[in-house]
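Just below is one structure, and these are the notes that go with it.
Per-chain numbering from 1; labels A, B, C and D assigned in written order.
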Amino acid sequence: MARRIRFIEALREGMRQEMERDPSVFIMGEGVGPHGSAFKQTDGLCAQFGEERLRDTPISELAIAGTAVGAAMMGMRPIADLMWIDFSMLAMDQICNQAAKLRYISNGQVKVPLVYRMSTGKSKSNAAHHSGSFYSWFINTPGLKVVLPSTPNDAKGLIISAIRDDDPVIYLEHKLLFNVRGDVPEEPFAIPLGVAEVKREGTDLTIVATGAMVGFSLTAAEALAKEGISVEVIDPRTLMPYDGATILTSVRKTGNLLCVEEGFRYCGFGSEIIAFVVENAMDSLRRPPRQLTTMHTTIPFSPPMEDYVFPNPERVAAAVRALLKSEA
Amino acid sequence: MDNAMKVRLLETMLNIRKAELQLAILYKNGKVPCAAHLYEGQEAIAAGVCAQLRVDDCLTSTHRGHGHCIAKGMPMKEMIAEVCARKTGCCGGKGGTMHLFKPDIGVMGTIGIVGAGIPVATGIALAMKMQKTDRVAVSFFGDGAANNGAFHESLNLASVWKLPVIFVCENNRYATSVAVWRSTSVEKIGDRAASYSIPGVTVDGNCVDEVYAATEAALSRARTGQGPTLIEAVTYRVRGHYEGDDAAYRKQGELTEAREHDPIEYWKQKLIEDGVLREEDFAALAAKAEAEAEEAAAFAVDSPFPAPEEALILTAQI
Amino acid sequence: MARRIRFIEALREGMRQEMERDPSVFIMGEGVGPHGSAFKQTDGLCAQFGEERLRDTPISELAIAGTAVGAAMMGMRPIADLMWIDFSMLAMDQICNQAAKLRYISNGQVKVPLVYRMSTGKSKSNAAHHSGSFYSWFINTPGLKVVLPSTPNDAKGLIISAIRDDDPVIYLEHKLLFNVRGDVPEEPFAIPLGVAEVKREGTDLTIVATGAMVGFSLTAAEALAKEGISVEVIDPRTLMPYDGATILTSVRKTGNLLCVEEGFRYCGFGSEIIAFVVENAMDSLRRPPRQLTTMHTTIPFSPPMEDYVFPNPERVAAAVRALLKSEA
Amino acid sequence: MDNAMKVRLLETMLNIRKAELQLAILYKNGKVPCAAHLYEGQEAIAAGVCAQLRVDDCLTSTHRGHGHCIAKGMPMKEMIAEVCARKTGCCGGKGGTMHLFKPDIGVMGTIGIVGAGIPVATGIALAMKMQKTDRVAVSFFGDGAANNGAFHESLNLASVWKLPVIFVCENNRYATSVAVWRSTSVEKIGDRAASYSIPGVTVDGNCVDEVYAATEAALSRARTGQGPTLIEAVTYRVRGHYEGDDAAYRKQGELTEAREHDPIEYWKQKLIEDGVLREEDFAALAAKAEAEAEEAAAFAVDSPFPAPEEALILTAQI
């Protein structure tokens, strides 16, 4: 039975249900225990499962990530909360050199079923060290899967899949989405990794957007509809492996592609999708594809500057208009 | 320590306290665009350490760095305006509460990543040594940071290279919601100095005289090429981790007890006992600090925001 | 006066000349001192400049990278040798959160002129932890410049520019190139960052290749010339900021684009260049662009498997033929 | 320690030595496709620690990990074949000299990144504890790794959580070309245990009995829920850092001196003195180990390489 709950509740419910189902699942991170995490993602779970399974850690990102690897190899299913994605830079070796690789180099003798959860993206003046969205690094790393839900329903279905997956999964939580509400089934369900969702159908142009950019794009699509422009919005949901087929189908229909991407442009997910589409369906593109990303700068603190560098719904709409006006 | 210094320490602590309390108000009034980590209750550490630094000595600090900036000589206006995201702030609004700089007086950055300032300070000290100066670098960081790899690698390197750096660990008993004993395997963080063959002391961080004395010793070592020192200053974080945190995780009575050991109150009493200060002198100093903080807050609020496009200045072509 | 020397000698000469010119330049890293570095890059420099300026370090990548940041802010010009790029994962926070950002967040009050040197890429069975080429992460990070020379001449001219640059530069040394010989002027010279070089002119297809892929592409071009296929080979040399104009000019001429990239495909440099070209010059493309990259897998140890996953000259030639045979 | 154990320790050391010497030959003959880091001279540590481990205890190790695998029970053939990049190797040729696994006997990976095995072992111990077993994890690492943040963060965490893990630091006096005193700020790495409120000992790593005794104590702590121990075993790296390294950076006479304190020779003499062994017994054991190593080398060289396409097995769809 579905009911309207917040993103963060859906995420929590997914974790709770998996912890009830599978005693090998546990959560570790700074403040995940009695305090219930930085954004209250694990609120109440410690009361239910105890401190053995909601393990507060020191500020030791490398050890958190590496301890998760060791535990996962032994049959546990750790969920390691690294708080902000920005802090994962301290744990890249364990994430990308160890978690991602040990199954392969051991020739399949070990597997590393774990989830690294990280909050990502813009919020209010989080500034240079707390606004990261460099998940393209994880996408670039063989052995990792990357998930970025945009709705409460996806948050729940994807965390469950991430936990059940036998390989390491990066699960990204966009800070602007925690309080967004949506319909979510009460019972456990899994959204398969690697499957996109068409969040809005349209005929004139395909937007590929993830995380908070999905909502921005839907808002823009609404406005553009009034101008007679019909936009299709696709949310890959899983960024690695991404659902190329759904994207190609859409582009073949609309003939136009805009990627709306919160990460940076160079070697980012937007560039990846554009490259993928032209390599595989250039003939179906009526105009050059475009991308709207965060400007290539360290993130400034002050709101006017911060707002200036990020995408927003108006900018998405403007990018669509510009693209459709460009030479065919 | 002469009387002038005694009073100066008090003044610095008052300046920090009043500035932070202004920020708390500004935050409540929506003038600070994000959660800020205030330094109330830890003032004796910034004051006791920085009082002995020269203007060409340098520091790095953390997410909880307002106090260190004030103590090192940053005008309140520039600090508060930055926290309020104004163009007149010390970083023109680019940095914000966790990223304060003023290199011409040695504020080489408060840094938002826990522990990250420790190697940076080590590098500053390396430059000071290679440039054959007797300047000194100070790294302020929390108890939580002492469990991070950056701490270990930096202290080892600084010791091996005998760098002029003082590592000041402010043990305020919490790292976010996690009490220090739940995450830290050693009773006294100062004892970790032994792992690096450097002196380590643990002092009461609410007693500015203790902090001062420990710093004095560390400074003289650093200036004379004898290498780094680790100072653990034990204190208590009387506010939440950030403004808005209700800190429900505190132990019963803990806060009240800490409030009774207020660093400003302690020093005030001491100076009165020593005959250096009268109640009314204190009131005057407090009023002066408060006025300055209010003025700084008004300055900040009256200051313009940076223009949006300023975001792209200094971004070079890349 | 130019003479034929090896890549590693050219690199060393560039460092030596800058150290002679500017007393603020120094080198730090594991074994850079009396031993002369893992690949002998600094051989003899310690004898000339002493241990004060060739500083052996502990195995503390985070502290090495961070110490370089602090020293750079104080007016030194550190060259920090992180050995293999793979180990830089332990230093990502200092590289990408600190070095890259401090100039910006300080509003220009500090600058961070340093060079992070790293060896990169395939060698002989270096296996999973010593074969990295994930420099796309650095390309993705505002505030960093990224350099990857393919010839002795470029190695020297680019290290000199990297040292003189006022911002942090990632200087990549491809392990397969250390012993390659080429003409290099004896006197100091700087190759400006951000300027590509056309390494071979051609009319039928543009290859964009970097590092060891340049040589592979030139070999392939030679073979293809005999088949009547004229390939232009462009080496961006600087990967960030890359020289888009030179690439576009070439693609406008040839109408075909193949990126040959040793890094991984997803969110890699190849995807970036393809996206850039179609965003800016899709109309000039006669056929869908393609990329040849290392296969998306952890790098295996055993030579047959290792050879299988990497590009080589034959594969480059095959990719060119396939592209030119594909539907226009 | 009973006589059977005494002999077993000798056998293990001989097995490691002979296997490594075979690898040195294989390397010279071009059968090892990359530089390998050999363990000669450090055998007493792997042997002394692993002799007391159960098959369900686990270890992680380093780039210099062949010896640990042998000591934990990996057949020489599988180890040597892997180092020679053959399909019959313990990882089918995917791992190589720095990446050896055999989880069914507790070899949870030798890891090419210095220090990276330490948090992994900590996590293994965490699982063992959460699964309510009395299994124990061991992390072998070098003196160089003890200066890496991974060491600090892991020992702190393991102590706070009282995990059943033994940290074994093999101080072979060098990290690549850098002598330990040039990079390490403490005389005895074992003393760093104090930073984590755990026991730390420094033993002669060339005396297998000392290693054995230290491990015995650590194991009993670990098995009974008392938490981790740090053991520093001082030894000497008698070969270059890797095969092909001429180790010109050694101090005059250092190597000769170290060779005189060979762990196998030491233990052999001891057993002879104790009447446990005769010269001819030793010769027989050495011959047996050598034969096994030769056989393993022949097996490796005769084994096929993996097919190129096997590279993509286990790569899943991503």
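Brief remarks on what is shown
We adopt the following convention: a residue touches a chain if its C-beta (ideal position, glycine included) is under 8 Å from a C-beta of that chain, and two chains touch if they have at least 3 such contacts.
Being a predicted model, the structure only gives us computed values, none of them experimental.
The greatest centre-to-centre distance from chain D, using averaged C-alpha positions, is reached by B. Chain B has its Cα centroid 36 Å from the Cα centroid of chain A. Annotation: 40 Å between the Cα-based centres of chain A and chain D. Distance between chain B and chain D, defined via averaged C-alpha coordinates, is recorded as 45 Å.
Residues of chain D in contact with at least two other chains: 91, 94-96, 99, 111, 113, 147-150, 153, 156-157, 160, 182-184, 315, 318. Those residues of chain A in touch with two or more other chains are numbered 57-58, 60, 62-63, 86-87, 89-90, 93, 97, 104-105, 127-129, 142-143, 240, 296-298, 300-301. Interchain contacts join each chain to each other chain, per the touch definition above. Note for the complex: chain D touches chain B at residues 147-153, 155-157, 159-160, 182-187, 191-192, 194-198.
Residues 62, 86-87, 89-90, 92-93, 96-97, 100-101, 104-105, 127-129, 134, 136-137, 139-143, 240, 263-264, 266-272, 274-276, 278-280, 282-283, 285, 287-291, 296-298, 300-301, 327 of chain A touch chain C in their complex.
Interface of chain C with chain D (complex): residues 30-31, 33-35, 38, 56-63, 86-87, 89-90, 123-130, 295-298, 300-309. Residues 26, 52, 55, 57-58, 60, 62-76, 78, 93-94, 97-98, 102-110, 142-145, 167, 194, 240-241 of chain A are the ones that touch chain D when the two sit in their complex. Chain B meets chain C in the complex at residues 58, 60, 90-92, 94-96, 99, 101-104, 108-109, 111, 113, 116, 118-128, 130-131, 137, 149-150, 153-154, 156-157, 160-161, 313-318.
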